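Take a look at the structure set out below.
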C-alpha cells in the first residue's frame, strides 16, 4: 500500500462535547482519527497541526499547512479540515503546484456525535488515493471525490455536491 | 462520479443481534449499507442477494454472484461478502475474465455491533473504485485494497494482510 | 407498576446536533425519551412542554410546569429539565406543597451524544419513584436521588453532589 | 445514599463480540457495568463472580451467589444475571430468607450491542433500592420492578412482564 500522511487541521470532524460549557470543542489530539485506525485494524500516520475551526483559519495557518505538505517526504496526503473554508484552502494549496496527491476531507457531523459520515469521508479519501497518481488537489465529501474545482459545499442543504 | 453497484451477499457485515435467540442473524435487507448511505448523505445502488454466511456459500451461490455481475450494465461493482471465503469467491469471479472493476469487501465486526470497521472497508472500496479503470478483482479490507491474489485473511490475528 | 407521567421541559438531555448551524438544538418532540422507552421494551407516558434550555426559563415557564403537575390525575411525576436551574425549579415546585411524588432529572451530556448518563438519570428516577410514597420534590442526577434541598450541581466538576 | 453491592454473575448483559470466532462471549471483568458508572459520573462497588450464561448455572453456582450475599456487610444488593434462569435464582435466594434488599437484573440485548436496555434495567434497580427497606428478592427488567414471584420472562415476545 502507498504510505499516506494524514494532516489533521481540526474542523467539525474533531469536535467533542464539553459537559462543563455545553460547547463542542475541537480535540487537538486527533482522537477521532486514531479511533478509526484502531477499529479498522490498520495504522495511520497522523500529524496534528492547528486544531482550528475552518472559519477561523488565517493566511498564516494556510502557510503552515503548505509548509507541512512540502516538508514531508510522503507523496500522498489527506488533510482533515473544517468544511466552511475547505474549498478556499484547497485553492490556496493548488496555487503552489506541488507534485503530490492531496485530498481534503472533513465532516458535517462530529465523529463523536455520529461516526459514520466522518469515517466514510476519511476512508473514501484513503481508498481513492491508493490508485490516484496524477497529482493535484481533490476534495472527498459525501461520496464525491473530485478535483477541488468541481466540489462545493451547499450550505443550505448541508452537504457537498458537484458543480455542474 | 462513477455509477457503482453494491451487490450485498451477506456475511458478518450484515449481522444483527436477535434477542429472542441470542444469535447474530444476517439481515437480508441490507439495512447496514442503507444506514451508511443515509449518514454519509449520499446514495447507493444496492442489490441484496443471498444473505448468507460465507462459510455456507455453495457453487450455485457463486454462480448467482457472477450472473448478477454480468447482467448489470454497471461497470464498477462492490461486493459485500463474508470474510471466510471472500478470497475463494474472488478467485472464482476472476476466472470469468469479466471486463469490469470488481472489489470485494466485508467486515470482521458487524456494523450493528460497531460501525467503524465495516464503514471503513466499504467506503475505502468506494473511494478506490472511483479512479480504478484497469479491471480485475480486488479485495478491500482493513486498509488494504489490492488485487485479490495479494490479500489474505489472517484467521489467527483476525484481520486481512498483504501476502509477501 | 405505578403510572408515571414524564414531563419533558427540554435541557441538555434533549439536545441534538444541527449540521446546518453546528449548534446543539433542543429537540421539542422528546425523541430521546421515546428512544429509551423503545429500547427498554417498556412504555412511557410523556408530555412535552417548553423545550427550553433551563437558563432561559422564566417565571411563566415554571408556572406552566406547576400547572401541568396539578392538572394531571397522575400522582408520580418525573420532570426532565436542564441542569443549570433544576434546583431553582425544584424549589419553586416545592413551595406549592402539592401532594404528589415529583422527581427532577436531566443530563450533563445530550442523549444523542452519549446515551448512558441521560438514560441512567431517567431510569434511576423511574426506579426510585416506584417505591416512593411520602411525597415531595427530589432530584435524580449521577446516582444521587434525594430531596432537592440536599442535591446541588457542582459547576466546576460538572456533576451533581450531595450537600454535606 | 445507600451503599450498594453489584454482584455480577454474567449473562447477556456482559456479552461482547469476539471477531476471531464470530461468537458473543461473556466478559468476566464487568467492563459494561464499569462503563455505566464512568459515564454516569458515579461509583459502583462491583464483585465479579461466575461470568456465566444463566442456562449453564449449576446448584454450586447458586450457592456461591448466596454465599456472596451473606458474606458482605452491605444490605442492598443488585445481582446482574442472565435472563433465562433469573427467576430460578431469585427463588433459590428467597428460600434463604436473608434480611437484605436484593434485586436481580440483566438484559435481553448485550450492553456492547446497544447500551440502552441494560443501562435502564441496572439503573432502575439502583433507583428502586434507594428507598426500598422491607427486604426480599425483586426482579428489575423492562420497567417492571417487583417481588420476583410477580415477574416472568415471556420467551416468545422477548421481554419480562408481570404475572396477573
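By written order: A, B, C and D. Residues from 1 in each chain.
Simple rule for what comes next: a contact is a pair of C-beta atoms (placed from the backbone, for glycine too) under 8 Å apart; a residue touches a chain by one contact, two chains touch by 3 or more.
Computed from a prediction, not measured in an experiment: that's the story for all the values here.
At the far end from chain D, in terms of centres built from Cα atoms, lies A. Chain geometry summary: the mean Cα position of chain A and that of chain B are 26 Å apart.
Mean C-alpha position of chain B lies 45 Å from that of chain C. Residue positions of chain D with contacts to 2 or more other chains are 108-109, 114, 158.
Interchain contacts close the chains into one ring where each touches exactly two others, per the touch definition above.
If you check each pair of chains against the touch rule, the ones that pass are A-B, A-C, B-D, C-D. Residues 1, 35-36, 39-43, 108-109, 114-117, 119-121, 123-132, 140, 142-146, 158-159, 162 of chain D touch chain C in their complex. Only residues 12, 17, 19-20, 22, 24, 108-110, 112-114, 155-156, 158 of chain A touch chain C when the two sit together in their complex.
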